[in-house]
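This is the structure, below, for whatever I ask next.
Labels run A, B, C and D following the written order; every chain starts at residue 1.
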Amino acid sequence: MTAVDKLEVVATPEVPATHPGLFHRAWALPTAKIGTVLTAVVVLVAVLGPWLGPVITGHDPTDFAGKPFKHDGIAGTDGIGRDVFTRFLAGGSTLLLYAVLATAIGIVLGAAVGMFAGYSGGRLDSVVMRGNDVLLSFPQLVFALLAIAMIGPHGWLLVTVIGVTHAPRIARVARQATVAVVGCDYIRAAEMYAVPRWRILTGEVLPNITGPLMVELGLRLTYSIGYVASLSFLGLGIQPPSADWGLMINENRIALVVQPWGVLLPVLAIAVLTVGTNLITDSLASAAAHKEAR
Amino acid sequence: MARLIVRRLVVSLAVLWLVTLLVFIATLLLPGDPARAILGQQATPERIAALQHQLNLDAPVWQRYLDWLGGVFTGDLGFSTATQGSVNSLLGDRIVASLVLLVAAAVISTAVGLALGTWTAMRRGRPVDHAVSGISLVIAALPEFVIGMALIILLSTTVFRLFPSVTLTRPGAQVWSEPSQLVLPVLTLVLVVAPYITRMMRATMSEVLDSGYVEMARLKGLPERTVIVRHAFPHAIGPVAQVIALQLAWLAGGVVVVEFLFRYPGIGQALIDAVNKRDVEVVQAITLMIAAMYIVVNLLADIVGMLTNPKVAAR
Amino acid sequence: MPDHRPINRRGFLAGTAALLAATPALTSCGTTAATAAPTGKPRRGGTLRVGITGGGSADTLDPHIPTSSPDIARTLNLYEPLLFRDHNYQLEMLVAKSVTASADARTWTAVLRDGIRFHDGRPVTPADVVASFRRITDPKDPKNGAASLGMLTEVVPVGENAVEFRLSEPTAIFDDYLGQYPLGIVPADFDVKNPIGTGPFRVSTFTPGLQSEFVRNVHYWRPGEPYLDRLVLIDFAADDARINALLSSQVDAIDQVPLALIDVLGSDPRMRILTSETGTWLPFTMRVDRPPFNDVRVRQAMRLIVDREQMITQVLSGQGRVGNDLYAPFDPAYDSELPQRKQDIPQARRLLAEAGRENLTVELVTASVQAGAVEAAQVFQQQAKAAGVTVQLKKVDTTTFYGDDYLSWDFAQDFWYTRNYLPQVAQCALPDSPYNETHFNDPEFLDLVGRASSTLDAGVRGKLLKQAQRIEYERGGYIIWGFAKQVDAHQVYVAGLTPSRTGLPLSGYQFRQAWLG
Amino acid sequence: MSLDVTDLRVSTVAGSPVLHGVSYSIRPGEILALVGESGSGKTTAGLAALGHFRRGLVPSGGTVTVGGTDILGLTEPERRALRGRTVAYVPQDPALSLNPSLRIGRQIAEVLPAPDADRVAEVLAEVGLPSDPAYQRRYPHQLSGGQQQRVGIAMAFACRPGVVVLDEPTTGLDVTTQALVLETIGTLAEEHQVAALYITHDLAVVAQIADRVAVMRGGRVVETGTTREVLGHPTHAYTRELLDAVPSLDGAAPAAHEGTPVLVAKDISVSYGSLDVLRSVDLTVDTGECLMLLGESGSGKTTLSQCLSGLTAHYTGSVELDGVPLAPSTRQRSAVQLRDVQYVFQSPFSSLNPRRTIAQSVEVPLTRLTTMDKARRRERVAEMLDRVRLSRALARRLPEQLSGGERQRAAIARALVTTPRVLVCDEVTSALDVSVQATVLDVINDLRRELGMAIVFVTHNIALAREVADRIAVLLDGRIAECGPVDEVLTRPSHTYTRELLANTPKL
């Protein structure tokens, strides 16, 4: 039998001890690189913009550079004569912060519920997932509108409601991934060794559903950006006088014919940002799917 | 089979009922007093009390819920405090208008998505596949108002001036009486939804094309057209139907932004107005409609899924 | 006043709605249309289609409870009060040919115009007038106009063609109170299903929320008027739709042009912009009975913080006049001699320091109560920074703004149409005013206003009112930074529309004078 | 018609070679077995006969001649015209290869140049299936696995092709069905005088059906010859290794095992709804013995093994360890009890957490079930990995970096790290190639000798009996059909089912 043993050792490919993880595999794809560059550009603008704006244009986001809707300065003025370019530079940070926070809430909540339901199985699972279905039957935006109508357009509410409405969607994915993992024998092995449930969830399940969760994270971040911007655009999100891209589009679209910059710049920024995060998400999804195919 | 569908139906009804409960509770929490809203600032407390009684606002909560639910069942959606008229008459034309928008967008995006998805799945790895994938990935990322705004800049105001950017319906006329003004809203929704359907169709179709029975069909020497039409396409439809359903249900939410953007006289715009005016009954009616639509669409998708799966269908 | 608290507020959408002009129409149709304004004598005939902001399923033809702009437009063309404001904001006799006061100003007599008839040809009688006011002041269902008629105890017919108004207190300007559009005279047997009045037009069709059509009233008392055969009023919920309708010639005239679009419309040779000076004001309101504004120095400082010119430029795109913290600019008694208040940051800082309110932080409650309101709040916020005052904006929706907390905000905004001084005071500056949003309660002011109200001599009254205005100028709770112009637009072939100081759009909706060239 | 493949080279699109010049030829009426383990390239070499290459693979040299035509020189439509008519294919897994949403009659008829209901009925009869229209109207999922495979064969023979490629057509079938399918294939190949290429990994099947054998390894044919030559006198070392690894039913009777009962299952019944999986099963495992639990899929053998180890709690009856009843669920069992009964899962691909290193996974039972400190645990893990012959370098790797056999040995190490008294092995070799199976069995046997634990060896493969077991319990439809010492069951089976199994199991 030693001959067979040798044979098998030969058959084992020499693989490095540090195996490339999800991110490594994703990074190998061109979409990841393009997406990261696009995202990084907008994130840089959003993060540094509030400081850079006054330096570049000499204006504050809220002071007056000229008459309303005129072509003064780099990108003209807005409806009450503030400098559009300065406001554009200042308008991304809040949006980004809210989107990130909302996504974080959604992921934590959704993953917890989904893993719990998927691992528990049985009646508890069906009850939780039916409840999930009820929540899912509201489009997120409608839910957000309801909440804002009830409580008012506060930043914390925006973050909470978007995060909480992400949760059932993430929970569904997390549950599905969990069910697949729970079907694996290593979970039964862990149960056989009387590993406590929470340890099984955190130690056995969670590390094995990071692929789908990372994909969800990216996807929900993209959506969060979209929702925060959309709500601001509808006048129900970030409130004046804050410079915010969604709000700017709403404030300035009345004069699209006369002064398009106030719309064009934020539209471009949101587009580039969401495309960037979506490209990254797509590369993560490809990497995760590729792994499963192996 | 029939039993499965009935069971699915019962579950949907239960979900719908929970939704009515949720909507009712949520709107209970809306601040503001409808009676005061109707009577205005000068109203005396007595008159407000009288109107509250008349509107049944002093009844216990469960009584009001049952009354409201009964109204919903009999097609009476209540009284809009902001417009001082019945919700039915407020929303009647708007529902039709929204449905026109939704159905047009749904039909076009489904057709485009299925065709494009199948086409690219058959050309996997070729430049055209990469191009379609890339473009759909980019468009899928964009929030609907960004797509809408871009279309307005591109096709309405700044670059080309082909289509009107707002919907202007002469009083009494229907939205479709002037088809050119439907173009941009419909196109926006199509661009929002079609990329998802395309990508899903491509993925599912690729999987099906790699499947044993498609390989077998090819190894049987069948013409490629037969392989695609008879062996591959029917199997891709099932899973994609679910995605289409999700997307269409999602359209019901997206339509809010698109209607607001294009000033399209549908229920989405009415919802935003109602939220701004704290018009409780209108908010209730519209959210319920949107949720009901979601549930129905999903139900249909599940039934399609059951019917296309012979293992279930034969049961 | 009904213009003030309707649920469907005129201009409600103007602040939030957007406009994406239908420039395709501009480029495609701008070639052949006549571009010269008609001249000469008015021509008879034709149909005028007017796009009006707002309206909804709550639209009504009731003359006494108009709320939305289309309601007001319909009221003004179907009905007439005894007297009303003309384009110069002077009282003009309509159903009455004279309205005179007794010496003690407790009894007022209105003599009806000779030969004036309702739409159905019946002559207007004193009984109709009495019935109209009974309908308006019905205690079980008071109409919009009732609020300012609190002193009216009785209306009695006097002879064949006059009525007598008996008042509970001397009221020197009762004619001013009678000169309001929701006080239209209707037949004693009036039924809203058969809306009959004395106005220049009568109803043909009416669809709430959509449109209403009117035909010429052949019995109208003004010779030659109206010139139009038909008048169509169309509701538009959104600004952009209204503008597009004008550009694509679906309507002949529209009210309320968004300020950003004035240049666009103005440069179109097919269009005419109609700009009117008005007494419409968008004040900031400070509660004088609560800190920090209970200290008059803080109020004065806030008034000195405002850069009024900049407000006009940034908020109104220049379409307005600066205000001097006084309302009623068209009142003969308006005190134009008081020095124009200007931005004075050092003085404001000094006052704040004296009051111990350096680095003051206040919350300003704002809402889209009218186009420009939220913008004004933002501009003020910015200006306040220079004086070290931090203004935190709290933007609420209009329903909340006019909800339970209305009239109790410490620092907020509001919106008022043109009024003369005393009627405005009655609305907002007395302890028992329905909308005393600043909680102004000044004994000296009260005394002056009380005396003026019962003083028939205009000269003496004017002196008293100037003293009262000085008090408000020094101690009041309003920051009145300017008066917005009313900007409307119409096709070049529409004639007879003239600027109107009433603040009501499109020649005060007086389409009897309009004609088509 | 004959099939000649000469110096066939296939590489990936990226250029790395998959087949390094494969040659074989088949005469009409002859069956050539193409033998190799997973990854040897045998399916690629077989599909080339149809001019078909899976996604990502391209031919880079050589010829494939069918009846004088070089298929590789043809265009895709021309190849398509040959498929089904001249060269036919029987797929490995009929469950995946039959279109689930088309009736089987239709699927067979599709191959025919013109609709011909008679031929469909005829070919169905030829493969021993009912040919009536009602049967033809069935969907694939309404057929058993063996029936599905025969439909696949019917499809291949429908057009009376000259060449048939059969890709592991009996994998996943139980031995009785396998025998039936093999018989059908043999008869049809004979009758129609087709040149048949039979792809398989199972040398015992080869012995039964093939005229000639080609052994493949790493994309090369290492040995070709008649079946008798190759199996009787292998010339290549690899062929010998393969043959050595094939378990044999012949052999001497092992010494009778003496022991006392350690694990006793009494009256175990399990049902899911109306389906009875186990019906009152009694089973005794003695100390140090290896009991083979033999049964087909669906016989309830996995359920029984899970009842023993506490992985299924929904049973009636009792399981006793040393006379002490065990709680049904592991959650209620004590640490000592858990240590004493250990379980090895069927698939090494799912029983190890992909995110833990091998050493971490093996350490889990020690952490949970013992009071050892960290240093002791490490020591013990290293010792155990040595025992299952896993090099220390592998200890710090993740499962996906190991081969299937290595993983299964790691899983065994995990089960044995707490030195159990009873080890339950559930089909531990069924997911592995035959040579790897031999290694794993070897490890298990050695460990049993060294550690002296009792083993319950669950399997469907009676051929393994002599390799591992002292006693056999045959499970049929949830009941113990017969139970006895290996020698007795193999030589004097008392149950017809056992006799049938023995008769149908292919031998070298």
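Just so we're on the same page, a contact is a pair of C-beta atoms (placed from the backbone, for glycine too) under 8 Å apart; a residue touches a chain by one contact, two chains touch by 3 or more.
In this text, all values refer to a predicted model and were calculated from it rather than measured experimentally.
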Chain labels contacting chain A and also chain C: B
Chain B-chain C separation of Cα centroids, rounded to whole Å: 42
Geometric centre distance via CA averages, chain D-chain C, whole Å: 90
Chain A and chain B: spacing of chain centres that average the CA atoms, whole Å: 23
Where chain C touches two or more other chains at once, by residue number: 16-17, 20-21, 23, 240, 400
Touching two or more other chains - residue numbers and ranges from chain B: 31, 152, 157, 276, 278
Touching pairs among all chains present in the structure: A-B, A-C, A-D, B-C, B-D
Sites on chain A touched by chain D in the complex: 1, 3-5, 7-8, 11-12, 15, 17, 19, 183-186, 188-195, 204, 207-208, 294
Footprint of chain C on chain A - complex, ascending: 62-64, 67-69, 79-81, 152-153, 235, 239-241, 250, 253-258
Partner chain A, residues of chain C touching it in the complex: 16-21, 23, 239-240, 258-261, 263-264, 310, 313-315, 317-318, 374-375, 377-379, 381-382, 393, 395-396, 400
Parts of chain B lying in touch with chain D, wherever the complex brings them together: 210-213, 215-224, 226, 230-231, 234-235, 308-311, 314
In the complex with chain B, residue positions of chain C that touch it: 5-8, 16-17, 20-24, 27, 56-58, 142, 147, 207-211, 234-235, 237-238, 240-241, 244-245, 248, 250, 397-400, 402-404, 406, 434-435
